[in-house]
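Think of it as A, B and C in the order they're written, each chain with its own count starting at 1.
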Amino acid sequence: MNRGEMIGSGLVGRSLAGVDDFSNAELSYVLAGAEEMAEHRERYASACRGKIMASLFFEPSTRTRLSFETAMLRLGGQLVSAVDVGATSLAKGETLADMARVVGGYADLIVMRHPWEGAARVVADYAGVPVINAGDGGHEHPTQTLCDLYTLTKDRGCLEGIRIALWGDLKYGRTVHSLTWALARFGATIVFRPGAGLAAPDHVLSKLATDYGGELVRGEQLVRSDGEGVLPVDAIYVTPRSPHQLAMLPHMSAQLELDRGVDALYVTRLQKERMRVDVGESQPTDYPVVDRQLLRTKGFEHSVVLHPLPRVDELALEMDSDPRSLYFKQAHQGVPVRMALMALLLGCVPSEFPLEKALPDDWRPVEHIDYAHDTGVRCPNERCVVNQPSEARYLSPRFRLIQGSPPRLRCVYCDHEVCAGAIATAEAYDESTSRRKYHSPTSRWSSFIRPENLLVFARAGDAEARGFRPSAQAQVSE
Amino acid sequence: MNRGEMIGSGLVGRSLAGVDDFSNAELSYVLAGAEEMAEHRERYASACRGKIMASLFFEPSTRTRLSFETAMLRLGGQLVSAVDVGATSLAKGETLADMARVVGGYADLIVMRHPWEGAARVVADYAGVPVINAGDGGHEHPTQTLCDLYTLTKDRGCLEGIRIALWGDLKYGRTVHSLTWALARFGATIVFRPGAGLAAPDHVLSKLATDYGGELVRGEQLVRSDGEGVLPVDAIYVTPRSPHQLAMLPHMSAQLELDRGVDALYVTRLQKERMRVDVGESQPTDYPVVDRQLLRTKGFEHSVVLHPLPRVDELALEMDSDPRSLYFKQAHQGVPVRMALMALLLGCVPSEFPLEKALPDDWRPVEHIDYAHDTGVRCPNERCVVNQPSEARYLSPRFRLIQGSPPRLRCVYCDHEVCAGAIATAEAYDESTSRRKYHSPTSRWSSFIRPENLLVFARAGDAEARGFRPSAQAQVSE
Amino acid sequence: MNRGEMIGSGLVGRSLAGVDDFSNAELSYVLAGAEEMAEHRERYASACRGKIMASLFFEPSTRTRLSFETAMLRLGGQLVSAVDVGATSLAKGETLADMARVVGGYADLIVMRHPWEGAARVVADYAGVPVINAGDGGHEHPTQTLCDLYTLTKDRGCLEGIRIALWGDLKYGRTVHSLTWALARFGATIVFRPGAGLAAPDHVLSKLATDYGGELVRGEQLVRSDGEGVLPVDAIYVTPRSPHQLAMLPHMSAQLELDRGVDALYVTRLQKERMRVDVGESQPTDYPVVDRQLLRTKGFEHSVVLHPLPRVDELALEMDSDPRSLYFKQAHQGVPVRMALMALLLGCVPSEFPLEKALPDDWRPVEHIDYAHDTGVRCPNERCVVNQPSEARYLSPRFRLIQGSPPRLRCVYCDHEVCAGAIATAEAYDESTSRRKYHSPTSRWSSFIRPENLLVFARAGDAEARGFRPSAQAQVSE
């Protein structure tokens, strides 16, 4: 079995709830499949004959759903769909796990969109068939990212070393969250240019700083050094593959990257429907608009333009005739990308996809250990699936431990993080209550405790409620 | 042609609006087909090629609809669906009959869910193609019953002589109505354990007492004779196949059956959406819950657990890992059951289904004669299709005459019954008005009038309005 | 290549937004295909294998959508659908053009219903695949018209010379608008019998008077000359093929046609959902009802009855058993008609359809020149697609010039018209401002200006705002 076949066979039966579920080689193999599907659609017209895809959309969507459904039909498979299910089973009080077990007994593959963050992960855990996340709240949208990577790769040749600016609503736009992480993995430098109040959430940047090897420069008003730029960005991620990164201070290398301009603009609309307060009909006036004038300014002359669509006002209609605009092509390419992904997960790819270039290493982001202690920590994200009353009946909070000072716990479902307010060692449980101590989360004790024994408390009070007392040093730090 | 082929060919083109539309042999043959479909799915992958199923859901549903749709696709057929149609054609004022005639001209088979009781019967009368009732208000849900019978038969070997407890909302739960009648027909003993105020409706029990040959003991607080039981049941149906039934007084045989414990628990959720008054978010506190503790009590140690799903709180999540829990299997088995049913109705079964055991007799419940007189009787069920203004323009009340003292009229559409308040003979119409007499419904006259001549009035006043006068005896009885 | 093949190949890739998009020969060839599809369905069971139809319904519909979907499945094609999309993409602010480009990249054919008039035309302009209008507001519904023509042709043999009465809601009923124009093209005489306040809109009658060669007699209370008739009609279109038309005054030929009775009644329900003011539950009392009594009166004894369904009260249920009632047949025939249309547009007809009789000439309605000037004229129809804020960002008003006295501009999207309030010549732009003159729209100048130079202003003030001054004659006329 050659490399492609091995990767392909490793994907059979898997789910895609977040981009980091797949290694770089796996993601690349899906893209190679998309290329093949786009060029030789007729070869795969019966690949999924006899397979049924269930399309479960708990939020309204036309574009993404039709793209998935078209993809499955082009493979010769069939569809059952539940659209706008908000009002049906769940209204009868059913849990996601029950729904997953039932539908998993009908269909061969589930594609799901849901407003709760982490919902696709839960369904994948219970369905017994592959599950694809077609958007879970403001969390991830990994197949959109596959389309984005495919479009960029086809146009730019490769992702390594390119500079891409993420533009607009980086807070609520789940597509940019998945894309941010994927771009970092493939060695792109990322420039964040949010609208006012719409910066990328902490947990997205935090994962970027921790898991992918590059440098994140954030929290400063970066401007181009010639003082000209329309780019008041609020964060830059500089890939370790950047020529500047290793030799310099992070801030300097970020500045140098910025001065070189961007290869691609990834524009997003304001996700009004996820905002708490209704922002009314019109775009906020300071929402950054991409138009011909922008594309004439220095640093953007050679930028291609992507947009996950639908667009509203943030991308001028005059751009449609500009050869740098790739967004309609990007939408159409969603079909072969999803064909390749589904055929692979269903084990319906008869032979290896042809590979134009070697697959990358089987690289994945840093894996963090599971946090196995119950120290009363709860996911802070109220849209997380684990915080919904119906799901809390059977789901417990689950975290991974992100080591550091202070250590953090990252929710397995939605990637939001909790910073330690106090730490202790699990070995203390073997001691008498009077000798149990907790420490400041930034104290040197943190490095002496073995990771599997590290207890993380959100607040010192939670440690005390469990019979721990402050160590001398902890008392000082509070 | 052997027995199976004869039964199969007799089903072609038929509809299934209620379980009693099929004989016991026919129901059993569908189950034999389900067994075959489950074991040899690939044999039937093209059985319904070229056939189109219309799925018309006038009430929200995900589970049942996806099960039907999956079944049709697994047979190689195709789908057109109209989901949540409440707001479309009917809002334009169209009758069910018109809808049936139009859609019957498009599709080869119609699967319909509708809030009006008897709606599927009306559609079956007009569509010109087979119609399957996927739930009509609180009336019937016969394919759920087929799944239930299939699951029970596979697990218990046969239905004859088993004792099954129906649990929870027996009033609004249409699945238990169809199941009650079907279980009685196959010789099961049925224990009714409703939540407070949720007893099985009179018309369900009345049919049980009249049509299936066993004994119904009701209206008493039965408890187990050892005084222990969690079983304050409010009715028991003892099958004529029970060893106790013939030799004893009904109440004693019921008590003996009860003491033997139950083989199966059929749990249902509270059908909040059918209740008039909103019961709020939470289950009523006295709603009986099935959990491990219950399954440890005497009489339940060997009970398997079924549930038509979705569940809310009435079935503890902890039961999921119990080997006696059959409900997820039951949900999955809906697909082969519906495959077999649809393939048979469409005449797409190329050869006889293999039969593991002999088919039962071609038994049906007692058939009652059509009531052919217009004596002003109306169906008392306001959710009945015949009582909807749009349908009353072309549907007349239709009843069957249930002989007895007093005689009753049973609505052909929804099975609700009207007790005679006065009776007379149709021969009186040949007499002068002054000699027309009506009688007390429980009088001995009832047995002298030939059934086809028996006039049933809901109230004595209705008889008087038609020129009848009280007989001496009727005057006394009022 | 023979005639049928030539016409068939000329239809490949085309769209059908309005009936006048096809020539008479093309419409007839679709009907010949429908005949073939109805008689030999099995021959076409794989004709569209591998093709995907997107069904986009921005207004609720069951009947039309199921008819299209059934048709595509009967051809071996597949479906993706978006039903009730009102709340999805468009709610995110997307334009029709963007939606068209995206969905056109997924599917091979788009079937669309939308509340905005002209919406299908816009989608056809941008989708890159054939688009079929399944109803655009109160404007057109051309495939319903194809079904109507097919039903009439099959029953009456031909359309030429038949007299058909359009009955009921002629104002909001889009089906009658498309039908009116198509009947005129095929040489039928049309009698308009609206309910009170529901006369055919001006733009429908105006086009009838201008484009199809017959005589329109309107605005009078025509009654049958024997004084008997139930036909207080408000307009009659007399085809040029009528034996009376050429020899007589229009009003006399209309009267003679009227006295001959009608061959067909085309009944429509009140389109409550398009009316501004809610008319409540019941039909207005003066809405004309078609029942057996009507069908016994003079002039209707041999009338067949058509109805696009759904019906409410305007067509009595008692008519269902009348052999002259064709409406259920008409509904069923929608499937083969749509099969033929879609197979032709997709280029999936392997050989010529058999032709029972010669195809008619390749006749089309009069073509009017494009109006290429911006004189501030706007489409007066507030439901027109060009007047929707989201679409006005990229669509400009587009008109055709209807010559006459006064000249008129007809909206390319919705067929509504603007009468000139003033005219001028574009050559005036070459002159100094002080010499630019405008004229009365009915003045003799109109005939001196070459059509391509004719400037049309809605009001004299609009001309003045552009630097024109009244000519002496214009001053007089105002």
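Please note the rule applied: a contact is a pair of C-beta atoms (placed from the backbone, for glycine too) under 8 Å apart; a residue touches a chain by one contact, two chains touch by 3 or more.
Just so you know, these numbers come straight off a predicted model, no measurement behind them.
The set of chains in contact with chain B as well as chain C comprises A.
Residue numbering shows that chain A and chain B use the same positions for less than half of their mutual interface. Chain centres here are Cα means. That of chain A falls 49 Å from that of chain B. Residues of chain C in contact with two or more other chains: 83-84.
Looking at the complex, you find that chain C touches chain B at residues 45, 60-63, 65-67, 69-70, 73-74, 79, 83-84, 269, 273, 309-313, 317, 328, 331-332, 335.
Remark: chain A residues 50, 52, 54, 78, 80, 82-85, 87-89, 91-95, 98-99, 101-103, 105-107, 393-394 touch chain B in the complex.
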